[in-house]
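Below you'll find a set of structures to go through.
Next come two complexes built around chain A: one with chain B, the other with chain C.
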Partner chain A sequence: MLFGIEWDTSSHWAFAVSILPILGKGLLVTLQATVVGFLLAAGFGLVLAGLKGMRSRLVAWPARFFSEFLRDTPLLVQLFFLYYVLPDYGLVLPAFMTGALALGLQYSAYTSEVYRAGIQSVPAGQLEAARALDLTPGRTFFAIVLPQAIPRIIPALGNYLVSIMKDVPILSVVAVLEVLNVARIIGDRSFNYMIPLSMVGLIYLLMTLVAAWAVRKLDERLPKEGIHLQ
Partner chain B sequence: MKTGRYAGSTQQQARPGPSSELLPILIMDILTYSGHLLSGAWITVQLTLYSSVLGLFFAFVLGVGRVSDNPFVHGLSAGIIEFFRGTSLLVQLFWLYFALPMIGQTLGYDWRFPPMLVGTLALALNIGAYAAEVVRGAIQAVAPEQYEAAKALDFSPRQTMWRIIVPQAVPEMMPSLGNLAIQNLKDTALVSLISLADLAYKAEQLRNFTQDSTTIYSLLLLMYFGMALVVAGLMKLAERYACRWRAGGSV
Partner chain C sequence: MSESNQSDKIIEFQNVTKSYGDHVVLDALDFSVRRGEKVTIIGPSGSGKSTVLRILMTLEDIQDGVIHVAGKPLWHEEKNGQLMPASEAHLRMMRKEMGMVFQQFNLFPHMTVMRNVTEAPRQVLGLSRDKAKKRALKYLDLVGMTEHADKFPSQLSGGQQQRVGIARALAMHPNILLFDEPTSALDPELVGEVLQVIEHLASQHDLTILLVTHEMQFARQISDRVCFFDQGKFVEEGRPEEIFTEPREERTKAFLSSFLGDH
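Let's look at the complex of A and B:
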């Protein structure tokens, strides 16, 4: 029994069906962590991309180093660091928030590159034309560069959303009850790991296939010439 | 003996402040921890090496299989790639470690494999599936004239693939494979969760013992970062080697 839901061990199929609602509860936490982690990653990544693009080397180089450091160290270790070290300095976050923060930080290194690549992919001729038309730098960025960069940025961000979803099981080490952790607890209590773990594998396969399909559709639907922000 | 040393040197000064007198203690702590951590780092290095080599093998088999004309080979390769890319690595690791022995038990076999084998296999299959897509992309990027020329020279399909196409595709894959090698190094940290005593596992042990989270985890992050820099350097060398036949050097 878990979350007050009993399981039925009369047969393999009955067991698989009876644990579905329990796994569903874990799945909900997985999806929440995915969304919160993704929003943090998208936000931090934007800040990091801005800092890395600064003219001042005093800002840009530490930002680049920090981004490289986040990218080159394991999420698991970053998570441990945040979970055990921050409380020593008086910042106690719940496990779920720590996990989402770790996901956000790790993936901000990746998303910052997505923003940079998206903005750089806008042809130089566009900037020259904007200058010829005497647009201010702010207007050039928001009316010319950004609308053309967004259709390239969004699908790439979508791919990282899928990656974040696949990394959420790591949060189980700080006792976040996401779907894999729930499956393991079911295994511990029913002495049957095979069915819950296989079901989590299938659920993941299904979710990533659907997500990959959705990202592809989104990519096709986005107008390649740009999106008007007005 | 070790136990006493850890307890003695750290428990009293669990949080060394910025005071200059505590700096030597911090250095002593780091030296004390290093021995323990390095034994774990050795496991991490071995695991990274084995799984990268095995993963590269899977990548070529699956990547070449994916561009095959044979619908069975093509379908099988695509299915395996999608499966391992689509499920979380930790799920695969747990499945191989906890669920596979149960299937073996049902069938009457002993499929309880040592964590090192399970870890290597899971990491290799996972990174191999990602790398297979890189291999496929690089193979498809080779100019179609190369196929035509090989056909005109009467090369067999196998000779064309392994002697004409793959050598030209390898330099194209190298930058992506370099990123994946670092990805693989990072992923090895997950094997600590199936009780393989790698770097992350040893650090967790130390932390449980000394409660000195700040020093240990900072050290751990730096060690992984250092190893990633070494892997990146090695992959740069490999890239230069793979590009040596090109007229202008690399890329």
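Let's look at the complex of A and C:
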């Protein structure tokens, strides 16, 4: 029994069907962690991209170092650091938030590169035309650069969304009840690991295929020349 | 004609130097253009002809010397009688004198033709949507692109895109129009339609035109003055018939003969 739901061990099929609602609860946590982690990664990444691009080395270099650090250390190390060290400094976050924060931080290093690459992919001639027309730097960024960068940024962000989803099981080590952790507990209690773990694998396969398909469709639908401004 | 007085010089370069590392692009350049004059700059590829225009449009800065546009220093500001490097606000003001037409058109690909032409008049000059549209239609008509106003640049030929590029520059009402090899990226059969538009503009008395081109025949037709530029300097300049029929300098002769040989 888990979450007050009993499983039926009369047959493999009955067992699989009976634990589905339990795994569903874990899946909900997995999706929540994915969404929160992704939003944090998208937000932090934008800030990090801005800082890394600053002219001031005093700002840009620490930002680059931080970004490199995030990318070159394991997610698990970062997660442990947040979970075990931050409380020593008086910052106690729920396990779920700590996990989402770790995902958001690590992936912000990657998304910051997505933003940078997207913005740099806009040809220099576009900036020159904007300057020759005397558009302000702000207007140039929001009306000329960003609409052309977005079709390149969004699919790449989508791919990281899928990656984050696949990294969520790491949060099980800090006792977040995401789908893999739930499956393991079912295994512990029912002495049947094969069925719950296989189901998690299948669920992930299905979700990843759907997400990859959605990202591809989105990519196809985004106009390559930029978001149209009428 | 060449000895005109100070006040009717709309562009004046004094001792202007520009280099990329060891490579000197402009070598203590002195150069001026009168108001309403149509000047063509010719010269070998990579000699820095375009740099003259790009510096005027403030797309590239200079290392030494002074440039005046419409009587005001372009890259400097006068403060307490001294010339200081220009602020962005000063450059913004100075850019209003000029418009530029690019070799690669540089239209905004995510905007319709109409939006390309109305964006800056609305945002920079503060024109209302209706006024900007009326103005855009006037210049799109001038370049023969009115019927394509709702299309995106990718739906147009190179020649059509460049005509929109010209309309976009004109809609800001510049006093000086800078053409940076406007037909070099075009298929040969599309060159004519763009040159025709430029020729029409060249007939306008008050518009100053500075044109970098390899279209020698065209340069000869529309220019008041042709300048041969090589290795950071103007080697020779004069009326088109002088430059093209009896060039004095060896380098000009060599360039023109190689050029005529190529084409």
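The definition used in the following text is that the second predicted complex is superposed on the first by the 227 of 230 C-alpha atoms of A that agree within 3 Å, B and C clash if a C-alpha of one lies under 4 Å from a C-alpha of the other, contacts with A are read in each partner's own complex, and residues count from 1 in each chain.
Throughout what follows, contacts are C-beta pairs under 8 Å (C-beta built on N, C-alpha and C of every residue); 3 or more make two chains touch, one makes a residue touch a chain.
Just so you know, these numbers come straight off a predicted model, no measurement behind them.
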Chain A residues touched by each partner, larger count belonging to chain B or chain C: B
Chain B versus chain C as contact partner of A:F65, first or second or both or neither: neither
Which of chain B and chain C A:F3 touches, first, second, both or neither: neither
Partner chain in contact with A:W13 - chain B first, chain C second, else both or neither: neither
Partner chain(s) touched by A:P223 [first = chain B, second = chain C, both, neither]: second
First, second, both or neither for A:W213, with chain B first and chain C second: neither
Partner chain(s) touched by A:A143 [first = chain B, second = chain C, both, neither]: second
On chain A, the residue positions that both chain B and chain C contact, one per complex: none
Of all residues in chain A, those that touch chain C in their complex: 123, 125-126, 128-129, 131-136, 139, 143-144, 147-148, 223, 225-230
Chain A partner contacts - residues on chain C that touch it in the complex: 57-59, 92, 95-96, 98-100, 102, 104, 106-112, 115, 119-120, 123-124, 152-154, 168-169, 172
Residue ranges of chain A touching chain B (in the complex, touch as defined): 69, 71-78, 80-81, 84-85, 88, 166-170, 172-173, 180, 184, 187, 192-194, 197-198, 200-201, 204-205, 208-209, 212
Complex contact set, residues of chain B against chain A: 15, 82-83, 85-92, 94-95, 98-99, 102-103, 182, 186-190, 192-193, 200, 203-204, 207, 213-214, 217-218, 220-221, 224-225, 228-229, 232
